[in-house]
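Below, subunit A partners subunit B and then partners subunit C, in two separate complexes.
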Partner chain A sequence: MLEVSHLTVQYGAIRGVDDISFSVKEGEIVTLIGANGAGKTSTLRAISGLNKTSPETSIKFMGQEISNQRAHNIVKMGLCHVPEGRRIFYDMTVSENLYMGAYTSSNSAQVKKNLERAYTLFPRLKEREHQLGGTLSGGEQQMLAIARALMTGGKMVLFDEPSMGLAPIIVRDIFSIIKELREEGVTILLVEQNANMALTIADRAYVMETGKITMSGDARDIKNDGNVKKAYLGA
Partner chain B sequence: MQQIKKLFYRNGKSYFSYVMIPVLFLVLMAAFQLDLINTYWQTIILLSGINGIVAMSLNLINGITGQSCLGQAGFMSIGAYVSAMCTKLVFDGFMTSGFSSYLFFIISLLIGGAAASLIGLLIGIPSLRLRGDYLAIITLGFSEIIRVAWRVIPPAGRAMGLNTIPKLSTLPMVFISVVIVMLVLRNFTNSRFGRSCIAVRENELAGETMGINTTRIKVLAFVLSAFIAGVGGGLYAHMMTFINPDTFNQIKSTDMVLYLYAGGVGSFSSALLGATVFSFLPEVLRSLGEWRLVIYSLSLVLIMINRPKGIFGKHEFGFMRYGEPENIHMKAENSGILSSLFQKLAYRRRKAERAPAAGKGDQ
Partner chain C sequence: MSQLIQLLIYGLQLGAVYALVALGYTMVYGIVRLINSAHGDFLMLGAYTAFFISLLNGAGLVACILGAMLASGIIAVTADLLAFKPMRDQPKFTALITALGVSTFIQNLSRALPFIGPIPKPFPTLLESRPFEVAGITVTTVQIFMIVLATILLLLLSYIVGKTKIGRAMRAVALDRDASALMGVDINRVITITFFIGGCLAGVGGVFYGIMYPTLEVSIGSFLGNKAFIAAVIGGIGNIKGAMVGGILMGVIEIYATSINADVGFGVFYLFLIIILLVKPAGLFGKLTTEKV
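And then the complex of A and B:
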């Protein structure tokens, strides 16, 4: 579904992401793990068009080249991004936030269906429908960010650190929702610092270090790998 | 007041302002026609309406889209000069009867607005790609460039400016313009474009990940704002009957920013009310002589300390309100000086009602 080859992101003289290639098949959860500054977020931002990429980069989404597309066009193709740090609209109510997610859709019946789906996935948001986004708790804000991204009706979701700054019990909720989404047929690329959690729910994993992919394979194998254990899982 | 307001409730919506606006218009009209207000105060009333138009246009950029523009007088001057040149030089021969002169005045205003929005487009496209404060600096520079440009353009009368502009900005013209501008801005803000402007203000990156072409939205808001400011400038020129390049200097731009922020940034009705209050205040204080500016500035400082959201807060009043009804969170966030005063009074009334009952209980 997503085919990334020779992805390079340059920040001035520094290569944030250095010639990496990977792929995500339809219906998979693929996770990208790594330490701080490994280039995980840069990779996601490059895929969704928020970062400029080098000319040799090729990113194919459902067979279409998207590396030169601008962010808003990529969303229209069905690739949506849950940005790092949630980034909800603080001064809008929960329902207005969700309607913003449906910005690209002109089919109001579909928007209504998506809204109902978002509220069934996150009953907590239904309770807080008329509350301002900024008054939600961290976990609720993350739920809102995910629900909002789903409102775009995308076939694939890029998650950027959904567990950041959340209590462990909420992290578990969020991850179970990610699993639920996969069962609905949404393809997921998950970037995480919480490697343990990410590897538990993922099918395949890539490990990034200073801009390069150093290891890839089945999530279970990576979880049991000695080096990964030592570096990220603290065992 | 509450009883009167209740008369205009239909289906849970208040139509109070729909009734009050025509009433206000008729009262002002009668006062103007019967000379109950002298010409000086008539000018101030018209000026506050025009300032309100420009302050509302500024709110579209600063309040709704979250960019910062400091050169609104530049757009005003384009609208003023272009429309004044139209009525004075181009349409002069056509403006024979009352009806045709107003018709061509409206056309001139629209041409002035279009010219301002064209310039807005030209400076908006390159500068709105940037994020942060660049726009403020660029608009600041732009308004100075415009001011200097009028000094060297012969049809604009160079440093002399234009005079003997027909005095066509009468009360109905200004009042109806204010109402139309309010309606246009309300419907724009309530539309898909307006909501994406708010999304850009709240979080530009998140807006992009929702599929909003943020640059396009910012340019659109900027162009619409420039158009309205241009119309405001046109009305100004035809009220003052003379303009020169220095009429639209940096102080004028700063005044507009002041009206908006002292009134309440983020709300069109607050911008209009702020413009009204702060156009009147210096004139009301005129009897104080040189203390006038001291008190004026002091009142601004006090407002900003006590009411950082402006006197009227982020509320939209009356028919300018849109979307979902305000809930308790928004009320807390948006409250201006008036609503908090009403809340205080209501609290005191409730307390006073309760006090005698409690007293009886004690005996």
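And then the complex of A and C:
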């Protein structure tokens, strides 16, 4: 579904992401784990068109080359992104935030259906429909960010650190939502620092270190790998 | 008492002009964080457009206003695409200087153009000013027309920004550009539309200015623009309601101040600005934000 090859992101003289290649198949949960500054967020931003990539980069989504597309066109193709730090619109109500997710859709029946789906998935958001996004708790904001991305009707979701700054019990909720989405047939690329959680729900994993992929394979194998355990799982 | 109300009518009339122009400053600032010093010059070109349209046979007030709106809107969009857009990712200071350059360029180019030129032009009477008396207060048709049209435009803008899809996108881009792009919003298109709407309002402001002070010269834009910008800052730059309230408030205050002494009008503007910035640094409706570095 997503085919990334030779992805390079350059920040001035520094290579944030250095010639990495990986793929995500339809219906999979793939996780990208690694320490702070390894280039995980840059990778996701490059896929969504927010970061410029170098000329040798090729990113194919459902067979189409998207590395030269602008961000808003990539969303329209069905690839959505729940950004790091949630980035909800603080001065807009919950329902306005969700309608922003439906920006590209001109089919109001479809928008209504997606809105119902979002409220079924996150009943808490329905209760807070008319509240400003900025007044929500961290967990609710993360739910809103996820719901908003789903409103785009995307077939694949990029998650960037959905557990960041959340209480463990909320983190569990968020991860069970991610699993639920996979059941619905949504393909997922998950970037996490909480490697333990990520490896538990993922099918496959890639480990990133200073801009490069250093290991890849079945999520269970990676989880049991001695080096990974020592470096990321605190064992 | 009737004297005070009489002055209030004048104040509302002037405030309507300030509000229309202040909105352009505030909308552009809100969405691209640019203090567009050339905004007043869009107004000036709008006023001249209305002047030229009025020379055509049979062209009336409506044609002049629509023509001025369209001209100022298109000029605003052009200035953005040619001058501001290339500076979008540069430091704010660069963009500010670019805007000053655009302003200087427009004024001097206009001075050099044979059909505009450095000599002031008399603005035609587009609307006959008939006075009539209501409960001891004299109101003119021009005043009513200006206040009503400005109110309609302000309400229309509030509706667009508050309730429509494009308005929601404008607010979203102002809040978070990347997140908006991830929602499928074409950022450049939204910025262009914002410049266009701001320019249209400046065009109306230009015609209003011509109606009130019927002498056109190339510097009217920066003169009026300065005051409208201060009004926008007083209301809280970036805040649409703030620009409306700030503009109307400053119009009323200026008229009251000049009624006491004709020379203190502009001074009062700055005095009020200083007081507001001391008491409420983000303006009446603005929120203080800490800048992330």
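Heads up, the rule we're going with is that the second predicted complex is superposed on the first by the 235 of 235 C-alpha atoms of A that agree within 3 Å, B and C clash if a C-alpha of one lies under 4 Å from a C-alpha of the other, contacts with A are read in each partner's own complex, and residues count from 1 in each chain.
To be clear about the criterion, a contact is a pair of C-beta atoms (placed from the backbone, for glycine too) under 8 Å apart; a residue touches a chain by one contact, two chains touch by 3 or more.
A quick note: this is a predicted structure, and the numbers were derived from the prediction, not measured.
Asks: With subunit A superposed, do subunit B and subunit C clash or fit?
Replies: Once subunit A is superposed (C-alpha atoms), there is a clash between subunit B and subunit C.
Asks: With both complexes superposed on chain A, which partner does A:130 reach: first (subunit B), second (subunit C), both or neither?
Replies: first
Asks: Output check: A:218 vs subunit B and subunit C. Expected answer is one of first, second, both, neither. What do you get?
Replies: neither
Asks: Check the residue A:180 against both partner chains and state whether it touches subunit B (first), subunit C (second), both, or neither.
Replies: Touch status of A:180: no partner.
Asks: Can A:95 be said to touch subunit B (first), subunit C (second), both, or neither?
Replies: Touch status of A:95: first partner only.
Asks: By residue count, is subunit A touched more by subunit B or by subunit C?
Replies: B
Asks: In the superposed arrangement, does A:71 touch subunit B (first), subunit C (second), both or neither?
Replies: In the superposition, A:71 touches subunit B and subunit C alike.
Asks: Please identify the positions on subunit A that touch both subunit B and subunit C, taking each partner from its own complex.
Replies: Looking at subunit A, the two contact sets intersect at 48-50, 70-72, 75-76, 80-81, 83, 87-92, 96, 99-101, 103-104, 148-149, 152.
Asks: In the complex, go through subunit A and note every residue touching subunit B.
Replies: 48-50, 70-72, 75-76, 80-83, 87-93, 95-96, 99-101, 103-104, 130-132, 135, 145, 148-149, 152
Asks: Applying the document's contact rule, which stretches of subunit A touch subunit C when the two form their complex?
Replies: Residues of subunit A touching subunit C: 48-50, 70-72, 75-76, 80-81, 83, 87-92, 96, 99-101, 103-104, 148-149, 152.
Asks: Show which residues of subunit C lie in contact with subunit A when the two form their complex.
Replies: Going through subunit C, the ones touching subunit A are 165, 168-169, 171-172, 175-176, 178-187.
Asks: What residues of subunit B sit close enough to touch subunit A in their complex?
Replies: On the subunit B side, the touching residues are 192, 195-196, 198-199, 201-203, 205-214, 323-324, 327, 329-330, 333.
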